[in-house]
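The two complexes that follow have chain A in common; it is paired with chain B in the first and with chain C in the second.
Moving on, here comes the complex of A and B:
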């Protein structure tokens, strides 16, 4: 017996079995590494399981979920996370796309630019947070010193409620924008030349070529880039843990840090699991939406 | 081939033997840990046991310890336990009782200060730890300025009282105000009366406790009902806010002790309510501009009592060697060496030892500081409470919440947690 595939020739039963055999170890590993912890987290979220009481003997159903939802600081933390994700994804995309377009036009020293851009991305987030915490020390840091030379400041980077959130966003941009640049630049380099030549012959300006040729052709790459960056942004933890501990007040209290506190300060693994599941549902919904949008474009 | 296998077997035995004589310890990256590290070659020479110390920052310690200790076989033979983890760790059954070992080896625990033995030694009648060092909080101040006759004259003229080590909270507040100065005439204070550690979490909770005690407040009554949300608590928040706004550097509401210490160490502040263990660092010319100028005094009303204890986890793979190390490092000779280097002792005799006092004249003040220190509430959920208190205090000092409301929420959390711990009737 043979089967037809979407794009290729029919596969024989032997080929099909061989395919399953080859992929089985990988699928099994995925099952163990991804699915098992996931299901275990869902299971744990339904019990009063703490590090002080490590037994699954008290079934609480949805109590851990309701407990989290009814906590005012959970809602505050969720809101801060949404604001943070929107801010970093949009700003990093705008900066990243601009730089990628500029680099795409560069012919000389391209490797040097790549190297410089990649450097922040190679630094561990904990180190990034520690370095910036030193740089931004209001009294002894280099940033305020430089600003004082032009009679600005001192700026209260991490202690002012209105500024601290944007300080964390800026540090995240410094660290992560290269990721956007690299992915978008790869997409731009792979674009065909013909549509541009046709546009030029039709008398299109540079801006028109960008709007009517570059953007439509880049849509799938942009969607993937935004999707990946969005998922990473939701998971941001190290920056706030080292730089602000969620403060001042709750202004940088990201959901990842909220989960961390539930697990390791409150020792409440059941509730931490419940919040993680809620977060997973949100991220999965967003991913599914963007994935469908991406498929509709292709 | 046989020879090869034989060599491999010998090597394997060597490796196993080496592992048996190595103990792994998790410690905080602080000066007292470094004084211990300096003594390790001596310990190795005497016992043949290697000690590998993993020294990490405080904020990573609890999250690293909790999962390690809750597993049946941990990676650490020996740990140090902060005072407010004690109830949690013992309640969870993570620490090994030491009473049998103490009895077997005739270790004299009466040398320890009773307050520290209660804090990081005994829980009820069981000894789980031996006190390692104390970090009771006090006021680190510029003794060159406090003892300056011109400053003393100006202070007396302004306030009508002597400029000396403060014995009341109000006296200390006057000193903070007096020394806050605009030295370059630009209209902004640039020499600070004090420097705060206002970062959300344990940083603000620990320092604010001194403000609470200074204002005559306590955390709870005899029935463990919260009392820190009363008038003294509100006044303590107002004092803390005023110090940040008027007498301290920009950004102190985001400082932890290291950032605040840097400001004091650079000679930009008169005083710093903090852990006594930081004092030795201000006499290090590599990192300090105030060498020989920093002194320490007890906080009026008492400072926060803090300390760390040596403990052997139940999951320790090498309990015997860990106990050998504890006995050695807590013996008189090692304690003297650590204290001479700048350590904060927990044994009573070390505060009066002539050799130590000759090198560290501040031992007299340190003895008063430790003797007058106040207890922070320690119970199973102290870590959770510290987070709640730290969040509310930070909301209040950054102006996002009314002090009364903030304290009411922290008190509500406290009462829930102590009921959960079975303390409040």
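Moving on, here comes the complex of A and C:
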């Protein structure tokens, strides 16, 4: 065996084979459960494969992709997804940062607040959607009942084309805002106190100190938090599946749900696979950007 | 008039910990005041209370004759230099220096002029475009000082600003700070746990322990006349030798009994201030007041050498007075004797300090020590 410390450990051929042997089961499992479905999706997306015609005999190349892109329902779904992602990320960030700043100043019962905030995040999205579907029921829901006490409503939360989108956004905020709060709070509490105090000594007001010192120092944390939340928001499925089924109309037809619809209602597995691959490329490039950004910080 | 007056100032944290207790201190206009003490003695908290970064539990702080208790830190017009510099990491050196002025909407030409002045005073003119992460510790320290300088505050509060520098840089910065103080003539309150800094820089030293002020005086005064056992044991390195002793009567004259030694009470002590016979006392003698030879009027003692630490310019000898205690002595660099050998050392009895063992306070002298023996 030979080890070189100057250029990192250099393993002998024997050790290297042993290393491969030990990692092989893990790699194989990864290959089977991650890489195979992925490649199979890419493969399927190149065929005219539907649930009525389950044969890989009609190779269509990029036709499924072109078909999807030229489909107006796809563009509508893409637009809804972009609106949804922008809305939830911005609103959750604003609310999350405000709450994180307030919590950062709290000294007593911090753990209790943490626990309360964490609760929604711990609930399965399907359960969240079910709970809110009940709460928001036009006749039987508690929300409309409470509103009726102050002579508001009844509101058709999930059935009105103009309201359903924002209802889903609000439920997503309820569910996911704690994620922002907790990440941003961790960032805030890790900030050095001295630059802030130095700014105060130099004559900065609380707001000036926040704008000129806290915000710039928080930039990396903010960027990472936004990107992570963005990636997850793009993939939102459960809320829409349970609460609105993409409707009314296509007002909440997020891209994940659109894929599901193409595959299991439209029965067009080939096209659904093509859109999945497109979604994967979008998420992958966001992830790559996040990874590069995080690397650039160190 | 940038005098700072603290009256019975206390700081009690919500947990009940008393960080500062009943501190009263008058820092004169233009004075270089050192707050000195071991870590956790409340000196930084005191400084932060002057700055307004820490609230006051009770007492009053007056800055320039005005009660400052409720004044926001930004309105006190004080500059604070932090131990870890607290530079704004996202700003260049120039932006760091000008931040305070920009907040006050100072005219651009005035900002440029003052930044250039401060930068040239501290020799950081070539670093203005750099970010703090591209600076060395010493350079960061200068930028932090520069940031305080450009604002032209009424007083500077320095919280252990030199403690993160290496020994050589620290010595240089010490001299520069003193020079700066002379040039600017501004009040400086400097917190440190480093006695060398305290002795070399301060016009007066305020020694703190366990949240209280123990002694305030000029560096030489606190060195020569420590007010109690804490100051005696804290100041100088190695610190004063402290020996358990007892006042006894010998032919109706009080003497000091220290183990097998009996020593006359030095004449600098007034007869009426000597504790009653039987009182336990602590004798203090500085290592530099012990000689490896006989001196005129000195008291000679026999010691057994335990260790010889040659420091270069001087030699510290750890030796044992048989049946009394171990003491250290500072002698010339030429001193070389084998460990275990028995030598005759001597000391000047007028340099002997007597402390009441129960109150730990120094016994009053007829006249304070003003110059150490030759």
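Quick note on the criterion: the second predicted complex is superposed on the first by the 237 of 298 C-alpha atoms of A that agree within 3 Å, B and C clash if a C-alpha of one lies under 4 Å from a C-alpha of the other, contacts with A are read in each partner's own complex, and residues count from 1 in each chain.
Rule of thumb we're sticking to: a residue touches a chain if its C-beta (ideal position, glycine included) is under 8 Å from a C-beta of that chain, and two chains touch if they have at least 3 such contacts.
The model shown is predicted, which means the values in this text are computed figures rather than measured ones.
K.L.:
After the overlay on chain A, what do you see for chain B versus chain C, clash or fit?
P.N.:
On the shared chain A, the partners fit.
K.L.:
In the overlaid three-chain picture, which partner chain does A:223 touch, first (chain B) or second (chain C), both, or neither?
P.N.:
After superposition on chain A, A:223 lies in contact with neither partner.
K.L.:
Which partner does A:213 reach: the first (chain B), the second (chain C), both, or neither?
P.N.:
second
K.L.:
With the two complexes superposed on chain A, say which partner A:154 touches: chain B (first), chain C (second), both, or neither.
P.N.:
First partner only.
K.L.:
Tell me the contact category for A:266 with respect to chain B and chain C: first, second, both or neither.
P.N.:
A:266 sits against chain B, while chain C stays out of touch.
K.L.:
With the two complexes superposed on chain A, say which partner A:192 touches: chain B (first), chain C (second), both, or neither.
P.N.:
So A:192 only meets chain C here.
K.L.:
Classify the contacts of A:200 with the two partner chains as first (chain B alone), second (chain C alone), both, or neither.
P.N.:
second
K.L.:
Counting residues of chain A in contact, which comes out ahead: chain B or chain C?
P.N.:
B
K.L.:
Can you report the least C-alpha distance between chain B and chain C in the superposed arrangement, rounded to whole Å?
P.N.:
51
K.L.:
Would you tell me which residues of chain A are touching chain B in their complex?
P.N.:
The touching residues are 51-52, 54, 73, 133, 137-140, 154-159, 161, 164, 241-242, 244-250, 260-261, 264-267.
K.L.:
Mind pulling up the chain B residues that touch chain A in the complex?
P.N.:
For chain B paired with chain A, touching residues are 59, 62-63, 66-67, 70, 88, 91-92, 198-201, 203, 249-255, 259, 262-263, 266, 268, 380-381, 383-384, 386-387, 390-391, 394-395, 398-401.
K.L.:
For a test of understanding, state which residues of chain C touch chain A in their complex under the given definition.
P.N.:
Listed in rising order, the residues are 14, 51, 53, 72-75, 78-80, 82, 84-90, 99-100, 103-104, 147, 151.
K.L.:
Can you list the chain A residues touching chain C in their complex?
P.N.:
Those in contact with chain C are residues 107, 192, 194-195, 197-205, 208, 212-213, 216-217, 219.
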